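The letters A, B, C and D name the chains in turn, as written, and every chain counts its residues from 1.
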Amino acid sequence: MSARIDALPEGITTLADYEPLARACLNPTTWHYLHDGSGNGLSLAANRQAFETVPLIPRPLVDVRQGNTRLTLFGQTLLHPILLAPIAYQRLFHPDGECATSMAAAAQGGAMVISSLASQSIEEIVEAGCQIGVAPWFQLYWQGERERTLRLARRAEVAGCPALMLTVDAPFKQSTLVLPEGVAAENLEQPLMADQVPSGQSRVFQGWMAQAPTWDDLAWLRERIRLPLIVKGVLHPDDAERVVGLGCDGLVVSNHGGRVLDGAPASLLALPPILSRVAGRVPVLLDSGIRSGCDVFKALSLGASAVLLGRPYIWGLACAGAFGVAHVIRLMRDELEATMALCGCAELSQIVQTRNL
Amino acid sequence: MSARIDALPEGITTLADYEPLARACLNPTTWHYLHDGSGNGLSLAANRQAFETVPLIPRPLVDVRQGNTRLTLFGQTLLHPILLAPIAYQRLFHPDGECATSMAAAAQGGAMVISSLASQSIEEIVEAGCQIGVAPWFQLYWQGERERTLRLARRAEVAGCPALMLTVDAPFKQSTLVLPEGVAAENLEQPLMADQVPSGQSRVFQGWMAQAPTWDDLAWLRERIRLPLIVKGVLHPDDAERVVGLGCDGLVVSNHGGRVLDGAPASLLALPPILSRVAGRVPVLLDSGIRSGCDVFKALSLGASAVLLGRPYIWGLACAGAFGVAHVIRLMRDELEATMALCGCAELSQIVQTRNL
Amino acid sequence: MSARIDALPEGITTLADYEPLARACLNPTTWHYLHDGSGNGLSLAANRQAFETVPLIPRPLVDVRQGNTRLTLFGQTLLHPILLAPIAYQRLFHPDGECATSMAAAAQGGAMVISSLASQSIEEIVEAGCQIGVAPWFQLYWQGERERTLRLARRAEVAGCPALMLTVDAPFKQSTLVLPEGVAAENLEQPLMADQVPSGQSRVFQGWMAQAPTWDDLAWLRERIRLPLIVKGVLHPDDAERVVGLGCDGLVVSNHGGRVLDGAPASLLALPPILSRVAGRVPVLLDSGIRSGCDVFKALSLGASAVLLGRPYIWGLACAGAFGVAHVIRLMRDELEATMALCGCAELSQIVQTRNL
Amino acid sequence: MSARIDALPEGITTLADYEPLARACLNPTTWHYLHDGSGNGLSLAANRQAFETVPLIPRPLVDVRQGNTRLTLFGQTLLHPILLAPIAYQRLFHPDGECATSMAAAAQGGAMVISSLASQSIEEIVEAGCQIGVAPWFQLYWQGERERTLRLARRAEVAGCPALMLTVDAPFKQSTLVLPEGVAAENLEQPLMADQVPSGQSRVFQGWMAQAPTWDDLAWLRERIRLPLIVKGVLHPDDAERVVGLGCDGLVVSNHGGRVLDGAPASLLALPPILSRVAGRVPVLLDSGIRSGCDVFKALSLGASAVLLGRPYIWGLACAGAFGVAHVIRLMRDELEATMALCGCAELSQIVQTRNL
């Protein structure tokens, strides 16, 4: 790893300051691949709007001198509730790729989630985090059929990942990005070829969807996985119920950062009905739209156990590798702490009580 | 027909990518004739806003491997629910005009609706579609008086159109477009002269409206037409009731693409009360504002049986003739299939059930 | 009068087309004097927004061949319900000033309302309208004290005005416009000097407001005026009640075109509660925000008897004198007729029934 | 003091006219320090939006010839309800600094509130106001511990301030502004060093918050202060209740001008529930978002006893020292009087009754 220790940019006071710097670091194609939402960007915008409508009520004069942001999640102790969401091909953004992210997450006392489409080997990435003290999780895309999917899951388990996150909301490839020489999905067997179907058949239904997982597949997988299994990409309470009913350990309310179905509701708006159906049986995480520590507070105030941070940590990665990612996380933590302090919360568990107004 | 097979533009991934290309192909007057709404464009904008507020809820893990988009409409089997709306004078946009549109629609397994103001003969346009396997429908404007209107309807029937669509919401000419040499309403008898009225009379009431159809005229026509007769331009449930009561076979909820009464509600917002009044007695189609396959899904989710696509197919026609139109339809179908797959629908009939949340 | 008969601008299809032409005709100071709202323009914008939210529902197939827009108002028969609002100093906009407006209004079968601050004599302006067949009304500003106000009212009566409109919502001068040489309030006695008050007193309370009318003054005036007396500038139902209780003949719901109290509600929003309090005892007119024939229809659909058109007729005056004003009125009438025809109304009295949906 | 008597800018008709002039007077860093909100500016924008949604209903024909804007607040008689909010380091904006502000406030018959972070001595600033006849109030920031805070409060009391305002909503330094040579917090003992904490501790919780006041500290202070003690920075009704319960004399509903917790609600929206909880036991003032005399009226119409004006008076200070500040206040008073007159209010106490519609 060639981390450049002197690369931390100057004059950064909030997360948002990283965005233009990252944009300047990346070629436009890569930038748009990272940033754009699908279709007309309705869901991408809806995510932001949803956060902007959740008010924060300052509560001064509370004694929070013992304050902290610690939590335990699926048996793992973390210093803060900000997970790094699975993002594919991180060597597109920085030569140190996922290893830099893994180190930075661990250095800040939190976990990253390795993408199935990681551009470095699972084992390397796990090692980068574990040597600092926190093992990354692994995100699983369905591999077209059961055994191939299970092989990938087992590999992550053997490598030391403490939790698996199965993404179910993105059954087909949407991006038209052409990967540059030397960047590839390092951990996958041969690529799936779903695009070609016999004439008269549908590329969607008989192509991609024939390789997507079903509820039966999830049940089959659940029985064969010992690690905590978390399902990512749930927006409907009935699906949350079914995920819990199959014995999964958690779920992530997500619209995939507005990158899949344009028109899907903001994750944050989908969260309350799901929480009320799940009723505390498993932790519910929130993904999509997190851009500041205030947003983390807002998600937790609605009842999320933790959040997944997406595009913003890649800004840090693009600008300054592991140091940039760590800086982004630190800024988020500082903002979360400041928001907690201003709202009179000394522990994460007090945040949800601020809604009872 | 001089279709230029090499003309399909590059880099198109969604329908919206065609818009700037088409604009560049057309002179500004023609572009504005195609695109502008009436007045201040309130209804034009309302159409889009209405679609943006209908949420889509992804339903992952459903088995949709047998999925398709087939339907039967007024006795005709179609591969998808996207009809091409009647648009006048298509030789304004491409020398191949309506014949190109008819071929493209048929090639994609769907039907176009020929405008009364088509710039090629009904018989040619029907032939262009029928040789590929799908006959186009015919849109009827009232021709000032009963017999003349009936003659035009009969001509379309003889030519082979399987359905007639009477437009009732545009009783007067609004456009000030001067047609270029060689582009004309090929199928009409002498033009109506409604603009000149005696002094003291109103050009609107005693001029144009004296040549517009009334409920009595519609009843008279209904008795004389054997083909399925569909009334286009209904926005009020009472009018829908009356159309059904007169024995018409279907209706199209439409604000004429925001081109007639500025301030008319979005068609999509007018749809639910009309559907609830019609109560399944006849199919109800939705016109105005469709810009993507997601929009088709949304219209069907509210209860429409099919939709009419307007301006966007003309973008394809302007850029690449029949190939462009076929490409636009293909993109729409792909988006519709993808939306169905992501929302867990394998058949069109399942789409309306996604509203029961 | 030096009307330039060849001055009607080309390419005008709607009222809005006149706005940029008028702006080009006038110096910026005059333009801003005409156009700007007070403060931050909240009320100016609210007027437009209010109209945009009133939907119009097309009702096709209705027989409106006998349609017309006639009405009788305060005993005067008018061909349409569009009055020209009192606007000061019209020679700022065109050398023919108020006389041009008066002629144009009469030629179109409607009435103008002469401002107390007219830049030509009342007698001339009345004569310009009467020779074509319609006498203008007169708008009365309170003249600091009772007898002086009454003298001005009597002068208008003697000149032949059939109705008086007392404006009560603008008790102090707001504009800082310096009138050019040769433009003045031709019909007023010496100007009021309200700006100077003893030290320690308020220019507002002890200055301007000491010269503003009170309810007692209105009662005093009502007893002394035989003509129909209409009060302009009412936005609260209690005030409407009091105006009617004092025996006034009508009222105008107005926020003075957004030119006085910034933050006052849109006139259109204030209309329904006032109509429901007045309950048909006197006609209620609507002023502020009218920009098209659709807007006239909307105001009447809520229950207004007629409307006052403001800035847009000055656009016509600035561009082409009497011919421009007449053209603006004609465009408005055409739009009103078209809207009526599309909404199935043959008479003004049917418009209010379109609300019962 | 070097007040430049000829410096009053030309062409100012409303407060807003000062903003661009002030911006031109100040270097960009100082301007942004003055103007920017925290985070994404949500709370800054929410303040303005809240004012824009409060309607004003004109009530013409009311006799307001005896009108005035006098009030008594915490025993002090003021000519109007517009206090100048505590703003730090005013010598950043003009060499005459807080003394200019104090003189201008007194000259206009109102009070300023001296910031704990004033750049001139409390004694000088008090003297500047008292020689004209109105003593300024003093704003107290918690000084890390009790005795040090009390020393500062006592100093202000001895200097002649008639009221103390304890700010509780800004427990940590947010600005990164580097003060220029010669500008400093003249009245503070050594600066607090909260930024440095042992490794593993939080700069927020164990750093800044360890030096912030708690409810116990407020109770302790209250017992030791004889002056009226007003708590600034309350947004939750429960906190308002507790402030009153501790025997404080008043409170200020404020989101600190959108400068602290981004996402805090608009002060104006937080005002009604607080007023209804306080139920008249103490005066409640409104801070944040006041930009015109209309806004003062709106705040009082909701029930505030007075308001604090922030950024706009600094615009006047930057442009023309004491004369600019006095001019800004005069413009605000004129607008308030005009709004009162147009809404039929002769006394401040009548304003709240305009809400009963």
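Here, contacts are C-beta pairs under 8 Å (C-beta built on N, C-alpha and C of every residue); 3 or more make two chains touch, one makes a residue touch a chain.
For each chain, UniProt lists the protein as follows: A, B, C, D = 4-hydroxymandelate oxidase.
Being a predicted model, the structure only gives us computed values, none of them experimental.
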Interchain contact steps from chain A to chain D (minimum; 1 if touching): 1
Degree value of the rotation bringing chain C onto chain D, based on Cα positions, nearest 5: 90
Interface residue overlap between copies chain B and chain C, same or different (over half shared): different
Chain centre separation (chain B, chain C; CA means) in Å: 43
Inter-chain centre distance, chain A versus chain C - centres from mean C-alpha coordinates, in Å: 61
Multi-partner residues of chain A (at least 2 other chains): none
Chain contact graph, described as a line, ring, star, complete graph or other shape: ring
Complex contact set, residues of chain A against chain D: 13-14, 16, 52, 54-69, 292, 294, 298, 334, 337-343, 346, 357
Residue ranges of chain C in contact with chain D within the complex: 39-40, 42, 168-169, 171-172, 176, 202-206, 208-210, 212-218, 233-236, 239, 255, 260-265, 270
